[in-house]
Amino acid sequence: MNNELYEILRYGILGGSILLILIGLYAALTKRSLIKIIIGLSIVDGGIHLLLIGIGYVKNGTAPIFSPGFENSTANMVDPVPQALVLTAIVIGFAVTAVALSLVIRLYRHHNTLEIDEIKNLKW
Amino acid sequence: MELILNILGAIATIVLAFTVGMSYGGIVRKITARVHNRMGPPWYQNFIDAFKLAGKTTAINHGIMQHFGPAFIMVSSIVSLMIVPVLNGGGWFENLNFGGDLIFLLYIMVFGPLGMALGAGQTGNPNSAIGITRGLSQMVGFEIPWVMALVALMVQFDTTSIVDIMRIQNESGTWMMFSSPFAFIAAVMAMLGMFRYSPFDIVGAPTELASGPVSENGGKYLLTMMSSGSIFAFVKLTLYVDLFMGGADNLIILVLKTFALYMIPVLYGIVSPRYRTEQSIRFFWGWPTFFGLLAILYAVFV
Amino acid sequence: MEMIYLILVLFLGGAVLTWLLGKISPIIRDILFISSVIIPTVLFFMNVEVGHDVSFQVLGYKLSWGISYLAYLFSYIVLGLGSLASVYAVAAMKGKKNLGFFYSNFILSIMSMMGILLSRDLISFFIFWEIMTWSSYLMVVFRGKDVQKVGIKYFVFSAIGAYAMLMAIVIVNSLTNSLLISDLVSSFGSFSLSMKWLIPLLLLIGFAVKSAMMPLHVWAPGAYSNSPMAFTSMFSGALSKMGVYGMIIVMVSLVSYIPNGFWLKETIAWLGGITAVGGTLWAVAQDDAKKLLAYSSVAQLGYIIVGIGIGTPLAMLSALFMAVMHAIFKGNLFLVVGAIERQTGTSNLTEVSGLIRKMPWTFISALFSIIALAGIPPLGGFVGKWMLYESLIGSNHYLLVIVVFFSSTAAFLYSYKFLFGFFLGQEEKEWSHIKEAPAMMVVPMMILAVATFVLGTFPGLVLNPIDNGLQELGFASTQGRYWEMSALFNEWGNQVMLQPLVYAIIAVFLFFAAFLTIKGFKHTRYVTTKDISSSGEVPKEHENLTFSQNFFQPFLRAVEPFMKRRIDTYYSGIGNGLEAIFDFTRRIYTGNGQTYALYAVIFIVVLLMFKNALFGL
Amino acid sequence: MKKLIVILLLAVTGYFMVISFMDLGKDGPVVKNGVKDFYLDKTVSELKVANTITSIVVNFRGFDTLGEVTVLFLAATALGGILYKKRHHVGERSVLFPSSTIVKAGSKLLFPAIILLGVYVFVHGHLSPGGGFQGGTIIATGFLLMLLAYDNFSVSHKVLSYIESFAGIFFVLFGLSGMFMGKTFLENFMPVGNLNDLFSGGIIPIIYILVGFKVAAELTGLIYTVLNEKE
Amino acid sequence: MVGSPVLLIAIPLLAAFLIPLIGMIWKESVRLIPGLVLAFMLVSSASMLLYVTNNSTIIETIAGWQAPWGINLVFSPLTGFLATLMIFLGFIVWLFSYRFKRNVDFEPAKKYFIFLMMLVAGAVGIVITGDIFNQFVFIEITSISAYALTAFYTGRNSAEASFKYLLMGSLSSSALLIAIAIIYSQLGTLNMADIADKMYLMPTGYKITALIFFFMGIGIEAEIFPLNGWAPDAYTEAPGPIGAAFAGIVVKAGVYAMIRLVFTLFDIPNSMQFLVVIGLVTLIVAETSAIKQDKLKRMLAYSSIGQMGLVFVAFGIGTAEGVFAALFLMLNHAIIKPLLFLSGSYLVFNSKEKKISEVNGLGKHMPITSLLFALGAFAIVGLPPFSGFWSKLSVLTAAANEGMILIIALVLIVSVVEIVYYFRVVNRIYFFEKSDNVVVQKPRINAMIAMLILGSIILVIGFDPDIVSIYLHKASHDLMNTREYIDNVLSIGQSLTK
């Protein structure tokens, strides 16, 4: 892999992750449907996971797995730690999303709507 | 022995004050009547009244406070008489005056009205109570210029003693009414209220309220009140003479000076219509207070 | 165990036990209550000596307890009035609900006042101060009337004062690294100029609130009239004196060392004068006896503040003497109102009248107290007033003299209104069944009434301890110069001989009393107050002859311009305005989750935008 | 209006994120001797685990994984709690339209394969990409498929609960037994074997298998709970 | 070694997994076991706290890897103190809610107690862990438990509150992940001590950006303004005891995370000022919002937020005294606010609206509960001789010693506001007439015991604050000595190197 390609890839990953975060935030902040807000939050999560992976990436990197034939490629291996972190983060994100969706079900039961602007019984 | 002499002197003072006060009262009635183009009673009418009252049996009372009210008033009159020096240089009429503290005098002088108020209050006659409220209110009014004048004097001479003030006047030869004119003016204006002649006679309001606080009192009660009032008038006049006119060396001068002073409220009263209470209060807080202020400023800066 | 600990523990334990065991039986409760006031009182006067300090450490702050001569003087007020009021309270409150709570708060407030007097350091001073505040607050709201308005107002003002004080305390701690009052006094000279101004000012705010100085007095009328009278007697008589106590220490020990601190003293004195006038005018306008006395308390405290503000030895002497006297006569007057309220069920001057023959003892004690209050010789009130005037004139405060004199003259009006409204006037049928209050209430009142007389004749009894206290504060001894056992001297050497005067007064009074009585009295016939001649006519039975509405209407009309502006309305305006603002600002919590998320994004954007300004290294 | 504000805010955020993050990791960390090299070294030399990520997830940062499993467990429990209704309110699963025969048949065909794949993935988690989470998820998709295809397909809540609980309990117990064998929590106390053997890496594959079971059971349970929600 | 910090996490986890199993056999166990676990944790934590106060910090490595590489748990005077406090409160809340009338007949009762236990375990984990990503995981454990507990009651607006909480919570975790990513990308490590050790190497730009994202992430948990919109709702709608747990446990964990960042991890001195400013803003906004509240719990919630603001102000003073004061404040708040929530929840037990006006006149009908509420109110506004006074005094003293006179003034002014709204409620309880449609709910005996324990602690600390001051001094010393923390953690690791 040549240098330029690496740069493009790296910028692509990082820029993409930032874009994802912004898109997710936009959805979470402007969409009025609860479901869409949750989708937005998931997109934000995805962006952040991508960001984490992106920072662990090294030039000409290989997966950090010592499969037969790759025992000595330590120097080229990508950073395994962010990947492990992302694994954890994904699961946690999934759990939160599940809880969020269940709350949406409850809210729909209670308010008969998914509009966030109309769910304002608690204020001030 | 000295004590007995003192007591005798005190009794003499009281008799003097009683006589002078009563006579003045009679004379004033006469003068007023003449000015109003009436005949009026003789000048000794008050004495006749007094004797008549003394002879009467008191028929009713409304309770213990009414019973002792006149005694309270008498206490006030006599004790203040004891404190005011009657003549220059002491002698027989020095009594209790131990320097004649002005502040003490001010306070003992209100003992009487309070006793009167209590006594009258118990009678249950609403007119008495109304009269008292008016009287007390008016007192608050005229006390201000009066105290201002006194403070001016105290400031000027650095003393609160009447005796000292008299002594200083005699030593310098100038009467206070000339060396401290504003104080004198304020004090005289306050005096108008103090004697409760018209225009400040709403307290007694002789025609409407049936003589105000003293209604419901007769016989000895009224006698005591009357004589107390006479003594009190004498005390006030003597005090003015002591403070502003250098005191008196003998009784004749005293009588002259006091009579002259006495004419001021009387004559002013004869020609003035009556004020309502709040009007009179406002009156006292107007010019008299202004003169009082001037007096204090004068005393401080001159 | 140190006696001081024992005394405070006894109070505290008494308070708790009274509350807890009081639930068992009222008798146990009453006995516990009285004994837990009396026993520490006796122990205190028997065993506690001036100059014996105990100290210990809490949280690294050194605390020290002991008593000074000045505090000893105030402890007479607190414990003396406290004991009498507690005896009174047992009888007065009989049959009321929640008495355990009342009694234990009563004990707690006595304890806290003693604590204040025993404190030799600022922290324990503040602690006891706050205990005093909340225990008295609980008393104010005890009857459950006007709780939200009066109670909160009292507490908020107290809190403002207390927190001003706390601020001063922590600043002092940071400057001197010590909280002992003596250290503060000794190192005050080395503070910077701004601190020299700030610290006394903050402390003064705290004390001014408790001593109801204008413009911080607005809580007082409501609070005084709202608590049970047995306690108001303490409240006005003793509790407000704690403010005076603190103020004296600050004015003498700190303000004197401020360059140009003279102006502060003048301001305080003038504020005191204004307080006196304002309090008096408002007192005249009241129809409720409690309110009347409450405003009167404000006014009387005004005189004391004037004395403290002037700060000459004679003025201090007068302030302290008036403090003692005020405790006695105002304490007594509140007890009187309590007795009347207990017997008649109302304290409104326009409703009750003609009780003199129903409650003669109450009347006598009220009469004595009123005479003392009005400052009329020969009772004790005069002595303080006299010294105040002398000191005012002596220190060239001529206008202030006028102000004070005006207020004290106007005080006659409400004094008379009080006596007339309750005791004199028509004896209405409505009140014909009224009986004298029980002996347990009358005796404390009579003791206080006698005290006004004794102190008027022998002011030296109190002037002596006051002199000790003043010497401790650094004044030259006034002993032998200004007073003797029975004579008062002013600075020019004038004197008022009290004893001959008293004798003269008694003699004249007896003479005329005899004159009026002998021969006459037997024959006089007692008639009811209905039996009067009104303008020559005898009124009918059904005519209303009670004069009590608009009592001083002419006077009030005259002073109307002064009374138009009520500082109270300004405060409530500020309070309501603030609440409205807060009500508006809390709308940032819109209730919309998305908005909250937006806030979070705004938060981070703002931080990112200004990150260099905020966190730049 | 609101959208405009949001866009503006996000533009600013984006700007700052771009200037902050674009160079992230460009030259690697400023600290060259980070934990990464240590992990890469030890996973081979001591743990004998081929997949470094697995060794990190299960061993080096095993505590995180325990927490993660707990989070999942809590989410599953929370779902039950949040959507709880009194018994008589629970109705039949809602079916909008019945699935076609093709789907039904295909699902039946695919289901064992999916399960097998899942099991493979988590059993070989320490050797190849994959692991307990991934495998568990795959298995759960299998159940999802069946649930979608068959209206009446049901899984026993009780069994799921047993699996969930036992897996969790054993995870913790393994951790504790490391401690009681005189070492530390979650420390390997079993022989590590050889690199790239199926039975290597000590307790790592065992824990990952437990995680696999747990994840599979929990996800299935989650799906089942939500599906049973009826309006 | 007197105990093992890891057990504080492992045992509740084990119990959480066990409860569903045992619950099938023995119903009562779902209520009982969490209590036993909390009691065990309390004993263990307290004995460890005694140990670390007199000896050295306990540092436990996980999975046998030394400090920078593996995850480690740090049980220092500071973390131990906070952990013990949280566990104690967890136990109190458990005791209070054991057979709480509302959940006794419900199937979710088992879930309630699991969540409660996990809430405590998660919060303890946040405090004692020495690894930022691990902290993130524990924050999530705590949050999910909190979401579930907030939404516990169906039929109220609790789902709405929970959803808001969740929305903010996921923003928080996103921000945290970004911050962790930045840190890791620069320093290549996740261990707190290691990060603190190497922080000076990090480029300033990244450092500040990471700090900002941390502020946002943890600020949401620590309820700083303007990130605290969720908090009043969550406090209001959660069951009463859970409100207590939030105020006493969750927020405290958030505050700990925040100060660990500011004091230990980052070496940005201005962040102290930032704490002061944000703390003041939080304090003022929250307290002024509370004054017009007509719902009891919501008022308490705002008060709680305000108190956290004050805690931040105290930490922001930045001296050992300030830290001491802040910790003292946290301690007192953790005792008093739960008491208020617990007693308050009984005062408005049977009311639908939970309005303040519904507590009118309850003083006569439920004397002890009312008394305890009043005690709490007196203590929280800082009236002596109750415990709140000493902490307020410490804060002010610390601020004064740094010359922050304006701050003292502001804090005191806000205290007046606090007095107003608390006393309004107390007045209502005691001096108003009870309306007839308010049904009085007498507390159960266990709830009463729980409240009485808290009440007596208030009195004990109030009369003798020195009982706790030694721990607080140790803890503040611990927080201030960053170097010692780093050396402790890293050297213990070295001694265990394989």
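Note that the chains take the letters A, B, C, D and E in the order they are written out, and that residue 1 is the start of every chain.
Assume a contact is a pair of C-beta atoms (placed from the backbone, for glycine too) under 8 Å apart; a residue touches a chain by one contact, two chains touch by 3 or more.
Values in this document were obtained by computation on a predicted structure and should not be read as measured data.
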Any chain in contact with subunit B as well as subunit D: C
Topological distance between subunit A and subunit E, in contact steps: 1
Far-end chain from subunit B, centres as C-alpha averages: D
Winner on C-beta contact pairs when B-C is weighed against A-C: B-C
Cα-centroid distance, subunit B relative to subunit E, in whole angstrom: 79
Separation of subunit C from subunit D, taking each centre as the mean of its C-alpha atoms, in whole Å: 74
Distance from subunit E to subunit C - Cα centre to Cα centre, in angstrom: 44
Distance between the centres, which are taken as Cα means, of subunit B and subunit A, whole angstrom: 101
Touching two or more other chains - residue numbers and ranges from subunit A: 21, 25, 28-30, 37, 51, 55, 81, 88, 92, 95-96, 99, 103, 106, 119, 121-122, 124
Interface hub residues of subunit E, defined as touching at least two other chains: 133, 137, 140, 144, 147-148, 151, 154, 159-160, 162-164, 167, 171, 181, 184-185, 190, 209, 232-233, 289, 292
Multi-chain contact sites of subunit B, meaning residues that touch two or more partners: none
Chains grouped in pairs wherever the two touch, ordered by label: A-C, A-D, A-E, B-C, C-D, C-E, D-E
In the complex with subunit A, residue positions of subunit C that touch it: 586-587, 589-594, 597-598, 601
Subunit E-touching residues of subunit C, taken from the complex the two chains share: 57-60, 123, 126-128, 130-131, 133-134, 137, 141, 144, 147-148, 151-152, 155-156, 159-160, 163-164, 166-167, 170-171, 173-174, 198, 579, 581-583, 585-586, 588-591, 593-597, 599-600, 602-604, 607-608, 611-612, 614-617
Residues of subunit E defined as touching subunit D within the complex: 4, 6, 9-10, 13-14, 16-18, 20-21, 24, 60-65, 68-71, 106-108, 111-112, 114-115, 118, 125, 129, 133-134, 137-138, 140-141, 144-145, 147-148, 151-152, 154, 159, 162, 181-182, 184-191, 198, 201-203, 205-206, 209, 498
Complex contact set, residues of subunit C against subunit D: 598, 601-602, 604-605, 608-609
In the complex with subunit D, residue positions of subunit A that touch it: 10-11, 14-15, 17-19, 21-22, 25-26, 29-30, 51, 54-58, 63-68, 71, 74, 77, 79-81, 83-84, 87-88, 90-92, 94-96, 98-99, 101-103, 105-106, 109
